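Structures for review follow.
What follows is a pair of complexes built around chain A, which joins chain B in one and chain C in the other.
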Partner chain A sequence: MNIKQLPFKNLINRPVRSVLLVLIAAFMAAAVFGGTVAASGMRNGLDSLQKRLGADIIVVPEDAAEKNDLENILLQGTPAYFYMDKSVEDDLKAINGVAETSEQYFLVSANSECCSVQVQIIGFDEDSDISVKPWLKESYSGRLGENEIIVGSSLSTRVGHTLKLYGVECKAVGKLDETGTGLDTAIYTTPDTVRRLIRASQEKGIGVLSKQSPDDVISSVYIKVKDGVDIDDVAADINLHLDGVRAVRTRSMITGTADKLAVISKSINGLMAAVWILAAVIMSAALSVLANERRREFAVLRTIGFSRKRLGGLILSETAVICLSGAFAGILLTALTVFSFGKLIETKTGLPYLSPDILHVLVYALIAFAAVMLTGPLASAYSAYRLSRVDTGRILREGD
Partner chain B sequence: MKIYAENISKEYTRHRRSFTAVEPAVIEISGGLTVILGKSGSGKTTLLNILAGLLAPNTGSVKYDTADIYALSDRELSDFRSRHIGYIPQGHSLVGSLTVEENILLPAALAGEPQKEYAQTLIEELGLGELKNAYPKELSGGEIRRAAIARALINSPDVIFADEPTNDLDDENTRQVFGLLKKAAEQGKTVIAVTHDSSAADYADNVYRMDAGVLTKEEGHKREIA
Partner chain C sequence: MKIKENIAGIAEIAAAVILTVGSFTFFRACDSAEGRHMACHWAQNTITLIGIVLTVQALLRTVIPDKKTKAGLSLGIFLLSIAAIFVPGTVIDLCMMDTMECHTVFRPAVIVVATLSTVISGVDSVFGLVRSGKKE
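Showing the complex of A and B:
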């Protein structure tokens, strides 16, 4: 018999009580850890989205801007295609304040070719690109050859394997890092390859482009404005002087997403605080009730020589063990849940979600751990104080 | 060890009215088995707790040899109780989460002095051999009382206090318990038991009677009221 074993023995021999208290602690840890990880994942998703933009202005066909949700297409990779005359890019270069332009081509894969769902195929000019390449470089630094593609992180295709797109064998030469957006399911390639794929679609009669030659069209133009020039002025100039196109400020495109994210983040923080407070109150109340039930037990311990300090220490030790077990279980289960269902969060909320890296996860785990380890003993502090001040004589003389 | 309580008294408030549980009393006990007899509510447990260092009196002092125990800090008094006093509370007094053996060893563990062998001796002497791994909820009243006695003896204390040690026990268990207390007294310990069972006087070296808070010594001893 070692006196240090007493808290463990007390907990083990009262399994129902102990498990309930551990569950409360686990609930508290799960709320704090899950909340911070989820909020961080969404923040990371938005950061990734912002990085993805690169350009100041995106120009698309006017009817595409009216008919489609550009934010979803350009930032979330929702499969869609639209085209405008290639000459638009030269017209844009002539607009005052435009520093760089780069065209992109969109195409949607036919069903059942490579993937279980349609995916967006994006053609970008490797020489002039300002929005895709800096981000692609993180995972692929070479140059794309004929019919070579780079696949998003969520596609099952491995590097070196080939995909058949509109009957054309395309070789995957790179795979992107996760962005936490729908672009993780997109395919990236050169304009030449996209044009080849458009021709192939025309030959198959799928005909994404019926009248024009693929050599004469582009889908969008990404624009970087000169330093010191007002981006809104440039966008207004484009909309005023060029017919049939629409210039959209990239920052305005993510405003909706950022607003939604802010609301959800606030909700998560509110929920996290509510759960934490509720769990702390329940734990405090439960410990207080249990302390009352154990008055006689503690009076008996006083008779054999437990000092008030040691009694208080015993209660705090029991609470610490409960909180330690609860925090560990809560954090572990939440980690498994959050990381397993990150994609589901993205799908259900329609917001970009990118799981935080391991270092941040460890920091959040430590924060949750510290929150529970501080709250538990604080919740039991009053009970510990009350029990340690128990009037042993009065309790023992009951029945005298 | 000599216990000398001088002018001790205790008042309580019940339903906003104060009443005196122990009238001012002087008591000196040194060795042997002392039994304090009294009806329920007579104040005998209060007196026992005051003598055991568990309940501070309103007036007076309690000295063990020359040490005034209520002048000690809580930590010092707790340590003193752990090393010099064995206490057998009335009723169920074992820690429910510990086995019989662990309950008996608890005071030794607290004092940091493992007494495994002595615990085995006590377990055998008190007929708890087959029950040492049992939990309190599996024991009868008599078995619980015997385990509490073993726990009170484990640190070889100088003084043993027993509060209604035979309450709810049958005649055989009552004889056994008082026999054990008597044996401890014969081994040089000071044993003080409070009980309403007048048959306890048969085992006692000294007998006191408590009535409405007033302590008197029986068998020709003079009444010791301050």
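Showing the complex of A and C:
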């Protein structure tokens, strides 16, 4: 037998022991890799939400702000609609410090063509838009025509396909990039198309507007504040001077999410450290017990000419093989699980979640890999030292 | 039946049973609404059927003593497991929104279980083919 194969033969001949040690190493790798990927996905989601909003202030009807309707639409993708008088936008333009305004119209589909699920429909003004077009993913650069829509990344509708909304055939001409927020499940179109859909809904007896005409209402106004002007001052000014509306600073909306994210990140880090320490302690203890059990085996190896250094090397090689297999299996299994269930994490936590890109994933995998490859051999170093110092004669006599 | 020779077979049975039972219980696709089946319902039925076939194949692989037949059955499980990965969303469309049960639970669970089955049966079939070749 080639002596270099000895560590592998030792591991293969003790399958249960080897599998258990590989499982511990896999747990360590899974904890580090899974924890870092999940925390990074949540951080990405928050950054994306911040960028996605695009505006400094969002103005919505007062009752919608009280019911957190806007936050639900933005974060959870819960379909909702609310309206205020169109003249609000002109009033907002007259407020000191307001640089740009862009109105949006919200509507909820009765149900979509494929299944009984409501979809959020958002009408945006293409000329003044600051929050939808920057996220356009597929090659669409023209203007939206009659009954043409852009779909969020989480909708399965492909570009060129049509969707029936309130009986109106709408053609998808573009798709938005993934943001990891509730906005991924929405449909975007022009104010004219939304008004047409509101009328179609009224014809079907589903009146979203009781008295007003669709031409006289808007749902929200996105505001960009002039450079150098305090955003809080502008928001306070709007809340003070305009009745029936509420100006919400986008950053304050994100603060609540950021706080939740900080708590979850802290829990993930704590859990990661706990699993890590526990696995390292179990591995050290297991290797120490095994080393004690294998004293006779090592004593025999010493008598056939193994040097202390070589004996230590054999133990370290075995641990390295175990850690290598464990880290590999742990990282692969975790990657498969975390990436597959990314959407579930997003929907269950109610937080924006955007998986990290491949480069970051590789970096996290390398960190987890290096961490396991360092901890394993370190855990076995003491056992290797102890075994290399065994009193061969005494141990062999003990067994007689 | 030697347990040592059938560890892979037992793992294949476990994966196949999880795929079969899970597909209509703990990781089932979206529920029917107003008596109407959603698009994902058909993907769920297909996965249940594939799961049943995989279970039968894995049982045969464990019970039959002939090494060549074992290797052949493992190869069959390997190929069918790969097929199962592509059923939800690729071969059969799921529902409209990524946030729906069939996208968030059913599809990822099928991918994870079918991938595990693919890896186990793939390694098993390679070892089986090598071993059966050596005996001759």
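The definition used in the following text is that the second predicted complex is superposed on the first by the 382 of 400 C-alpha atoms of A that agree within 3 Å, B and C clash if a C-alpha of one lies under 4 Å from a C-alpha of the other, contacts with A are read in each partner's own complex, and residues count from 1 in each chain.
Simple rule for what comes next: contacts are C-beta pairs under 8 Å (C-beta built on N, C-alpha and C of every residue); 3 or more make two chains touch, one makes a residue touch a chain.
Values in this document were obtained by computation on a predicted structure and should not be read as measured data.
Q: Between chain B (first) and chain C (second), which, if any, makes contact with A:Arg308: first, second, both or neither?
A: first
Q: Touching A:Val119, do we find chain B (first), chain C (second), both, or neither?
A: Touch status of A:Val119: second partner only.
Q: Once the shared chain is lined up, is A:Lys224 touching chain B (first), chain C (second), both, or neither of them?
A: Touch partners of A:Lys224: none, neither chain B nor chain C.
Q: Identify the partner contact of A:Asp391: answer first if only chain B is touched, second if only chain C is, both if each is, neither if none is.
A: After superposition on chain A, A:Asp391 lies in contact with chain B alone.
Q: As a test of reading the superposition: which chain, chain B or chain C, is in touch with more residues of chain A?
A: The partner that reaches more residues of chain A in the superposed model: B.
Q: Just checking: does A:Asp184 make contact with chain B only, chain C only, both, or neither of them? Give me first, second, both or neither.
A: Once the two structures are laid over each other on A, A:Asp184 reaches chain C alone.
Q: For A:Thr157 in the superposed arrangement: first (chain B), second (chain C), both or neither?
A: So A:Thr157 only meets chain C here.
Q: Considering each complex separately, which residues of chain A are in contact with chain B in the first and with chain C in the second?
A: In the superposed arrangement, which is not itself an observed complex, chain A uses no residue for both chain B and chain C.
Q: List the residues on chain A that touch chain B in their complex, please.
A: Per the stated touch rule, the residues are 1-3, 6, 9-10, 12-14, 297, 299-310, 391-394, 396-397, 399-400.
Q: Using the touch definition from the top, list the residues of chain A that touch chain C in their complex.
A: 77, 112-117, 119, 153-157, 184-185, 336-337, 340-341, 343-344, 346-347
Q: Where on chain B is chain A touching in the complex?
A: Residues 40-46, 49-50, 52, 54-55, 74-75, 78-79, 81-83, 85, 87, 89-91, 93-98, 101-102, 105-111, 135, 151, 163 of chain B touch chain A in their complex.
Q: Once bound in the complex, which stretches of chain C touch chain A?
A: Per the stated touch rule, the residues are 30, 33-34, 36, 38-39, 93-100, 103-105, 107-109, 111-112, 115.
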